[in-house]
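When the chains are written out, they are named A, B, C and D in that same order, and each has its own residue count from 1.
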Amino acid sequence: MRRLIVAATAALTVLGGAASAQESIKIGYIDPLSGGGASVGEGGLKTFQYLADELNAKGGILGHKVEIVPLDNKTNPQESLVQAQKAVDAGVHYITQGNGSSVGAALEDFVTKHNSRNPGKEVLYFNYAAVDPSMTNEKCSYWHFRWDANSDIKMEALTNYMKGQPSIKKVYLINMDYSFGQSVRAAARKMLGEKRSDIQVVGDELHPMLKVTDFSPYIAKIKAAGADTVVTGNWGQDFALLLKAAADAGLKVNWYTYYAGGAGGPTAIKQTGLENQVFQISEGVPNSGNKAAMDFEKDFRAKTGISVWYPRAVNEMRMFKAAAEKANSIDPVKVAAALEGMKFDVFDGGEGFMRKDDHQFFQPIYISSFGSLADKAKEPFDEENTGWGWHIVSKIDTAQTMLPTTCNMKRP
Amino acid sequence: MAELIVISTLNGVLFGMLLFLLSSGLTVIFSMMGVLNFAHASFYMLGAFFGYQLTRWIGFWPALVIAPLLVGVVGMGVERYGLRNTHKHGHVAELLLTFGLAFAIEEIVSMIWGKSPVDYRVPAVLDFPAFTVFSTNYPAYKIFMLVVSVVIFIALLVTLKRTRVGLIVQAALTHPSMVGHLGHNVGRVFMLVFGVGSALAGLAGVIAGPSLVTQSDMAAYLGPILFVVIVFGGLGSLPGAFIASLLIGLIQTFAVALNGSLASVFGPLDPSLGPSPLTDIWNVTIAQIAPILPYLLLVLVLIFRPMGLLGTRES
Amino acid sequence: MTAAIQVNAVEKSFGNVQIIRDLNLSVAKGERHAIIGPNGAGKSTTFNLISGHIKPTSGEIRLNGEVTSGLRPFEINRRGLSRSFQVTNVFARMTVWENVRCAVLWATGHRYAFWKNVDSLPEVKQRTAQILDDIHLSHRRDVPAGLLTYAEQRELEIGITIAGGASVIMLDEPTAGMSHAETERAVALIRRLTEGRTLVIVEHDMSVVFGLADRISVLVYGHIIASGTPEEIRGNPKVKEAYLGEEVD
Amino acid sequence: MTNAPTPSLAAAKQESSGALGFYGVWLLAAAALVVLPLVFSSGGSLTSFSLIGIAIIFALSYNILLGQTGLLSFGHAVQYGLGGFLAVHVMNAAASHNWPIPLPVIPLVGGIGGMAFALLVGWVMTKRAGTVFAMISLGIGELVASSSLILRSVFGGESGITTDRTSLMPLFGWTFGPQIQVYYLIAFWVLVSAIAMYALTRTPLGRICNAVRDNPERVEFIGYDPHVVRYLAYMFAGFFAGIAGGLTAINFEIANSAYLGAMQSGFVLFSTFIGGTAYFFGPILGAILVTYLQLGLTSVTSVWQLYFGVIFIGIVMFAPGGIAGILMKHRPLIRAGTLGTVIPSYLVAAIPTLAFALGIILTIETVARFSGGDPINLLGIPFVATAPTTWAAAAVLVVGGFLVARITWRRVADAWDRAATVARDRGYLA
């Protein structure tokens, strides 16, 4: 009976939506599509386009087709604002962005100002990867929703894992010298101190971002400090070069990373041969064991040629649909209200929720390591054709990732 | 302490030689033609990608020879059909031409090989630790890079100072019209020199590619530092570039090794002062600013000795 | 009366090579003084030393009694000395009018002014027009200097040199490369324009030298071997031996 | 503005009748700035106009260095960015202390910021021109950009410092929240700055800058210290760059380290050079074109950077005078009345040239989209990147276009020579 009603409603919406179906929901995808960050941005775009296709194949959202509008921001905050304005002018009410906290902060500020100055033309900012904690703390905005765990949450999860690893005794922190790297470093020091006061932080390095060509001197310092574990938020070439220098010098430590799986990362790890020594904190793993997720992964790889690097994007789009249906509207104001506090079964299984206080999504977090895959049936997915893949070392439940917020949310 | 000094010196020399490998071609072109080639790092990138592609097809060692030659041919083409026509409009125009070229090459490379890093690996023959100092391994490949750098330095020096070709090149630099009147085709000499300079960049790319990250934005990362090297060493001076590379390599490496900041020397500031530029400066470590030290050096050198360390002229 | 230019025991070396040895020269105010000498004698170097283009290794140079050795060229220029160049040295992309006007600006006291419209400065306009008239280039006033004929560029060179109204004018081979007719015209021009000023001239053309100069100094190997009136120089045996004997005009 | 060439062949002839034309041009520009948003009223075009306006001031300020004084700078964004930062700080301070500073004077604050930095470092920087200056500017640019990430309390790290332009004292009821009000604010400053910078070229200092550009050695012998001249030029350039930076800060309500970076410095060099450095209005054309391309090209093609590079190379090689240079080359012909004899040959040459250009575009897009992407839409005709017919079409256009274009351009050159000879005879061409 209930099914029938659902079907009938669906049919009605399709019929009723026929008129409005011409009006698609445009999501402005603002990320680098040219220049240095383009490899990452293109991966994200493919992901969102795939997700839009998936939604549209099932009738879209409330009968509206979902359309991704790619906007190239060259990883430049100013350019992002130009693109955001362009998108808004073209009738876009939802923008999504992930790469670069500086861009994220600029966009968050943009939507807040835009919405207060243009009531009735609200825009929502769905953040799928900008992890600066300030965006859901002191700078928080009602119009911003973040599906990625911020860097403090990831550190909370990581340190909760590390506190159960007695072999970790001496930790070295090396990070890129910008806000993300700094928050990784600060959070690591604070949380390790609270949870495992016996762990010694033997080094704490910040190096300029994307300027170092030779990491050997840093490796020499890590070695001299006698570290057994390195925690790093490095990504891109700063990660690859760091790892290469370590392998060259024969440094044997465990690497706890945020973005080892980013474009080029797996290739670098395979090159250095550091099997099962590089760990990653993420909200999803291709070899998660969750059937639905793994089927999705398989189809996604077949269609796009890349792996699902953004399970959070999947959560974002599916939850968007759920919220719109809950509000029975695609009006951004109503969708925003529906999203607040919403609970949602996440991509890799388990429950997450969008905290009302700060619009931060909380979800289970995984620690995985990179190496050869023993059981191809259970763990079928490798990365970047290296033959190696991620396998889960530990799962940290949603409750273990909760952190308080300083957000003083201003509601319209 | 001894460990730190020995290892830092070794690392500094290795890094410095990589810098020299990259900047030698730039210096040769500049000393000869007075052209600051902004696209030099792009030629280096072309070398790396050609090297990568050829390694997949025919192996590393043939690639080591062929890829630089290909880059040299590209360079000669640029000189023949681009720079030569621009020469009459002055050095600024030449420089801007290479500026535009750098943009185009980056995009072309990313069109062909994509924007992600490619899997360009150290050849198996050289993939072993050459020796170990204080339990730190030094891979054979790095030693290979060092040897190539030194060989190139000596070969260039000998060619420029001791051979007829070198004499013509040197003379064409100071008195182009005279050399022209003596029956040498200055145009062809220029083209050849530009080709050789580009080929050197290409060679650097083939060799540095596996050790660094071979990606379409690799040129943008290394471009500015190369200018620092050749300006610091003295525009157009090969020994200057050699010394500058070593110095910059050592300075950067030692700076990284040092943890000192003003706070660690004079004690932390009173926290009640709150965040200010002073606290920022107070707490920044030498290691943190290591990679921007070369630029500081560049500015200081240009202010106090505009011809650079061993240079003889200003522009 | 103090001399316009007084050079006392000046030496100049480039590395190990001594170009100027114990150079002594005195040019009285209002005098037309020519410096002659064989090629490579150091005439241009002497010019460069006096005008501040290069600094002497030792010795002293005075302009109107004031020590100027060690000063920068513009400082010397502001004290009333202006020079021309052997190789044409004008502002190639600017028009003839602009070339001369730039040379007028400092002397008329406008200096680095960025609050005045350069086109509405009557005295600048008048003086520039006058000089253009004097050097017979009024009809070419809007032509970029780089596009002038060689002789015109030489005339412009003289125009720029005298435009500032300096009391001491130094001309470095002003007629070099000119035809006979052009030379005659240039000499008349120089004579007229330097009326009442001190003139120092380097020249190879002896007819120009002997027709124009009140006094002549002969420079050989960086040293002045004789100084005097044209008649004295003609009759000087040292000059005959060292210079006229070798390079008879 | 077209009567503002530096080496004007006929400035004097115009002088008497020029005054009216001179004010006329500026009045016309002012009217155009007022009317523009009424004609193109969509939000998108307002944003574009605002950005173009800022780019114009920035490029004009750069040309004080490159075109007027002959200084090639690779770090002009430093003054622009610092002006932006100072503007943001003053805006925030004014908002929190309730200072009675209306928003329209904020760009002036930016200008002072840019000038103050130039004042500070300019003296040692401008000691020498040429390569030394270029390299010092590169070094200073890198240093300041890097330091901006270290001095977090001033520059706010890489996320920068935000501000709210509406929080300042409203002026005549304008809060400057809506983009249209910001547009008019920018337009006002564009006009004021452009007039000021044009006036600067007509002052004794402006003329001496040209002299320093042409021949710094000779300048020393007409009483000027070229070092002082360069220093002053550098300060003025810094001032106007700072104004542009202040306007950017107002427009985006944020200042971050990207303002100071090499990208910005390169962008302004591009604009100025493409527009043409020899004429005052050149950078204006360049700024309009480059900003427009930057906004437009990115949504049309993913390889916009390649087109930028190709356009730039083309300009450097074939028209080093930039767009303004091309236009001004025709001026003597127009005056002599012989332009008409050239135009037919242009029209003939345009066809194969266009074909050649289309062929290049098709080739580039074919390569770019070979491994996937939408079909190429060229003049409404769809081309599939993987289809051999597309390759053939590209090859025919490139090779055929090139060969035919070469012949037709020779004819243009002949026609030009004839027209120029006539113009020379009539006294309009030296």
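Methods note: contacts are C-beta pairs under 8 Å (C-beta built on N, C-alpha and C of every residue); 3 or more make two chains touch, one makes a residue touch a chain.
All of these numbers come straight from a predicted model, not from anything done at the bench.
Chemist: Just to be sure I understand the contacts, which chains border both chain B and chain A?
Modeler: Correct list: D.
Chemist: Can you list the clusters of touching chains once chain C is excluded?
Modeler: one piece
Chemist: Which chain's centre, taken as the mean of its Cα atoms, is farthest from the centre of chain A?
Modeler: That would be chain C.
Chemist: Which pair, A-D or B-D, has more C-beta contacts?
Modeler: More contacting C-beta pairs are found at B-D.
Chemist: Where the centres are mean C-alpha positions, what is the separation of chain A from chain D, in Å?
Modeler: It comes to 38 Å between the two C-alpha centres.
Chemist: Which integer distance in Å separates the CA centroid of chain B from that of chain D?
Modeler: Chain centroid spacing, chain B to chain D, equals 31 Å.
Chemist: Roughly how many whole angstrom separate the Cα centroids of chain A and chain C?
Modeler: 75
Chemist: Quick one: report the Å distance separating chain B from chain C, using the average Cα coordinate of each chain.
Modeler: Each chain reduced to its C-alpha mean, chain B and chain C end up 48 Å apart.
Chemist: Could you list which residues of chain C touch at least two other chains?
Modeler: none
Chemist: By residue number and range, which residues of chain B touch two or more other chains?
Modeler: Within chain B, residues 288-289, 291-292 contact more than one other chain.
Chemist: For chain D, write out the residues touching at least two other chains, lowest number first.
Modeler: Residues 146, 150, 303, 305 of chain D each touch two or more of the other chains.
Chemist: Name the touching chain pairs, please: which are they?
Modeler: In this structure, the chains touch in these pairs: A-B, A-D, B-D, C-D.
Chemist: Within their complex, state which residues of chain D touch chain B.
Modeler: That would be residues 72, 124, 127-128, 130-132, 134-136, 138-140, 142-143, 146-147, 150-154, 262, 266, 269, 273, 303, 305-306, 308-313, 316-317, 320, 364, 367-368 of chain D.
Chemist: Which chain D residues qualify as touching chain A in the complex?
Modeler: Listed in rising order, the residues of chain D that touch chain A are 42-44, 47, 51, 146, 149-150, 157-160, 162, 164, 166, 177-179, 248, 252-254, 256-259, 263, 295, 298-299, 302-305.
Chemist: Any idea which chain A residues touch chain B in the complex?
Modeler: Spelled out, the residues of chain A in touch with chain B are 35-36, 38-39, 42, 177, 205-208, 210-214, 216-221, 223-224, 237, 240-241, 244, 248-250, 263-264, 267-268, 270-271, 384.
Chemist: Within their complex, state which residues of chain B touch chain D.
Modeler: For chain B paired with chain D, touching residues are 36, 82, 85-86, 89, 91-93, 95-97, 99-108, 111-112, 224, 227-228, 231, 235, 275-277, 279-281, 284, 288-289, 291-292, 295-296, 298-299, 302-303, 306, 314-315.
Chemist: Considering only the defined contacts, which chain B positions touch chain A in the complex?
Modeler: Contacts found on chain B: 3-4, 7-8, 11-12, 14-15, 18, 110, 114-117, 119, 121, 129, 132, 135-139, 142, 211-213, 215, 217-218, 220-222, 225, 252-254, 256-257, 285, 287-292.
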